[in-house]
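Please find the structures below.
Note that subunit A is present in both complexes that follow, paired respectively with subunit B and with subunit C.
Let's look at the complex of A and B:
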């Protein structure tokens, strides 16, 4: 057999999905569009953020929405020193579980700071909103450390 | 979809893009290089003599490498076909059109291609067809160098002989 040089080609396969949010996630995203963060109250009284569609204990639909603060406390974190292209930040950042004031469950987001040593469990952070929120989780550009 | 002017968000765009780098491998690279020259080729299994097109470099029945190249002609036989009546998003071909499994003379398995210049209602299993190539200057490493296959004025091939013709179209 005659050997030809190997042929290679780059191509992209795209699935251009539009997803329905349902009423609960829709409420959360609608809140973000207005720079507000909503959770909802579970049967045991805890405020869950982002809101859950069904109660983890009773499995009943949850619709008692509660607005929480856009500031809170770092519960845990992981520093990313070399962000990848699909990461939400081009500069080093921290993934973090953040318990917003008024919530009982922490929410994952990311923190951008050039003071890495101040990213510690218990530190206070607040949301930095984009200029024109559209109703998506990235309406919160990132969280930043509150001043001491 | 644009959520900017929506009071209540009820849907989000969530596209997924998968980036691939496809490497053809030895046998398909040879096949595509020959296609670029306007030649359709297959590979013969050294054990069972089956000729595969497009070649994958091995015989799935015998589990051995295929290395002997077989130059096939432009003539083929319809093994099966379907009339596509529903438009497929992103496909520029307007229905109705015919997609057929075609066995080129000299090969033992079929590949899928388009049929045209035919009366859709008269397309049938065993029908003889020939390749219509694009102009030479448009040839690339691609199966669509062949624009489509069109019917030949030749007697139909009996079902039991489809996939068993020699490269010059005679019974093996």
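Let's look at the complex of A and C:
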């Protein structure tokens, strides 16, 4: 059979549908697009960032949104000296639990710095945004250490 | 109706770093043959129910677990089920099936061939799909964040973690299925460089290929088969939120809840087999379970000596079963975990009859 006679069609492996992220996750992701970070209040009043749809203890829907800062404090961290190919940084970096100012629950993201010895629990960090946010968690390119 | 449930057979493959060309079916079949042999049956037609535990993410294909059924010979049709979880939860489903009176006997198995992929990264894709999975944060890094919280709070020291590893390696010298074993001092281990700080490589369970299988049944069926058996006197599980920031990662709230539900605290246990994929997690579990000094922990070496994803939880139950059958223990506890940083925990109590 001549190759040109074969029927051919481009095929992209992926989901063939779109899904709404809903009023809670959607609120957070839309906020990122505007370089804003939203959390919401748990049943006990604590501010959760990123927001959750339901309270894990009371199972109540959560919809009391609160805007928080894009800077905060390192609650925990680990140093990745050899990043994996899937990791968001090609150079050594830290994964961290970061409690943003105005939040009570820390979020997980990563910190890029060439001053490894300054990455300690309690150090202050600030979000570094990508140039054109699209509404993904990766709109925060990474966190960086605030100047002393 | 209160039905006594008994374990009558267990077999586990060796934990190997790479099973070579063997596929999943070829990893499962020797374990099935072994448990059939232990009770004197010839195939899966001779039990009323079959349940398996595995993870399609490891094979990278939807419904990959169905291929595992080829190991059973499912013609004529059998009653079969699957959990996308460790096979300890397949055991839980089988227990429910028997308790409901829908079966008198059940075969349970778990398997994984983790070596072809990058397991810590594969597991990242089971996390929250909007907040975490797109960041590709791997299972080792999440455990490292947990260990740092414990070190910062002074709950543990690096030497406590190394002591867990040293004990695992030493116990594993008597376990011919183990992947890592040997005499190591705490100072030897602490001299190793940090891997994902604060974890050293030895603090992380190795990646292993293999499978395990078990047969459980009612007491009357066990007596009919005329084989040594152990009573499974309790089994229960609890899960915590997927939001890691909302959990107190320095303790295991869910393990504590199960322990209370099964009245484990302050009860007499000769041995405990704990599924702690990272050294500091064994300390978290010991504290949550409030084990007494006479309880021997992880006589097999535990999963730091070899970790069959999706089968290690079932194997913890099997290790306790083996020791009670051998007369080395009267009553034991088995623990299984799933999810990042000990998110989901199951406990089982086994007693001699």
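Just so it is clear, the second predicted complex is superposed on the first by the 128 of 148 C-alpha atoms of A that agree within 3 Å, B and C clash if a C-alpha of one lies under 4 Å from a C-alpha of the other, contacts with A are read in each partner's own complex, and residues count from 1 in each chain.
Throughout what follows, contacts are C-beta pairs under 8 Å (C-beta built on N, C-alpha and C of every residue); 3 or more make two chains touch, one makes a residue touch a chain.
Keep in mind that what you see is a predicted model, and the values were worked out from it rather than measured.
Which holds for A:135: it touches subunit B only (first), subunit C only (second), both, or neither?
Only subunit B is touched by A:135; subunit C is not.
Kindly classify A:78 by the partners it touches after superposition: subunit B alone (first), subunit C alone (second), both, or neither?
The answer is second: A:78 touches subunit C but not subunit B.
Does the superposition put A:29 against subunit B (first), subunit C (second), both, or neither?
Touch status of A:29: both partners.
Once chain A of both complexes is superposed, is A:8 in touch with subunit B (first), subunit C (second), both, or neither?
Only subunit B is touched by A:8; subunit C is not.
Tell me the contact category for A:87 with respect to subunit B and subunit C: first, second, both or neither.
After superposition on chain A, A:87 lies in contact with subunit C alone.
Contacts for A:21 in the overlay, against subunit B (first) and subunit C (second): which applies, first, second, both or neither?
After superposition on chain A, A:21 lies in contact with both partners, subunit B and subunit C.
In the superposed arrangement, which partner chain does A:50 touch: subunit B (first), subunit C (second), both, or neither?
second
If we overlay the two complexes on their shared chain A, which of subunit B and subunit C does A:95 touch? Say first, second, both or neither.
In the superposed model, A:95 contacts subunit C only, not subunit B.
For subunit A, what residues appear in both contact lists, the one with subunit B and the one with subunit C?
21, 29, 136
How about subunit C: which of its residues touch subunit A in the complex?
118, 120-121, 124, 130-132, 134-138, 141-142, 144-149, 152, 194, 196-199, 240-241, 243-246
Quick one: which bits of subunit A touch subunit C in the complex? Just the residue numbers, please.
Residue positions touching the partner: 21, 25, 28-29, 42, 48-50, 52, 56, 75-81, 84, 86-88, 95-97, 105-110, 121, 136-138.
Using the touch definition up top, name the residues of subunit A that touch subunit B in the complex.
1-21, 26, 29-30, 33, 132, 134-136
Along subunit B, where are the residues that touch subunit A in the complex?
Residues of subunit B touching subunit A: 1, 3-4, 6-30, 32-33, 43, 67-69, 141.
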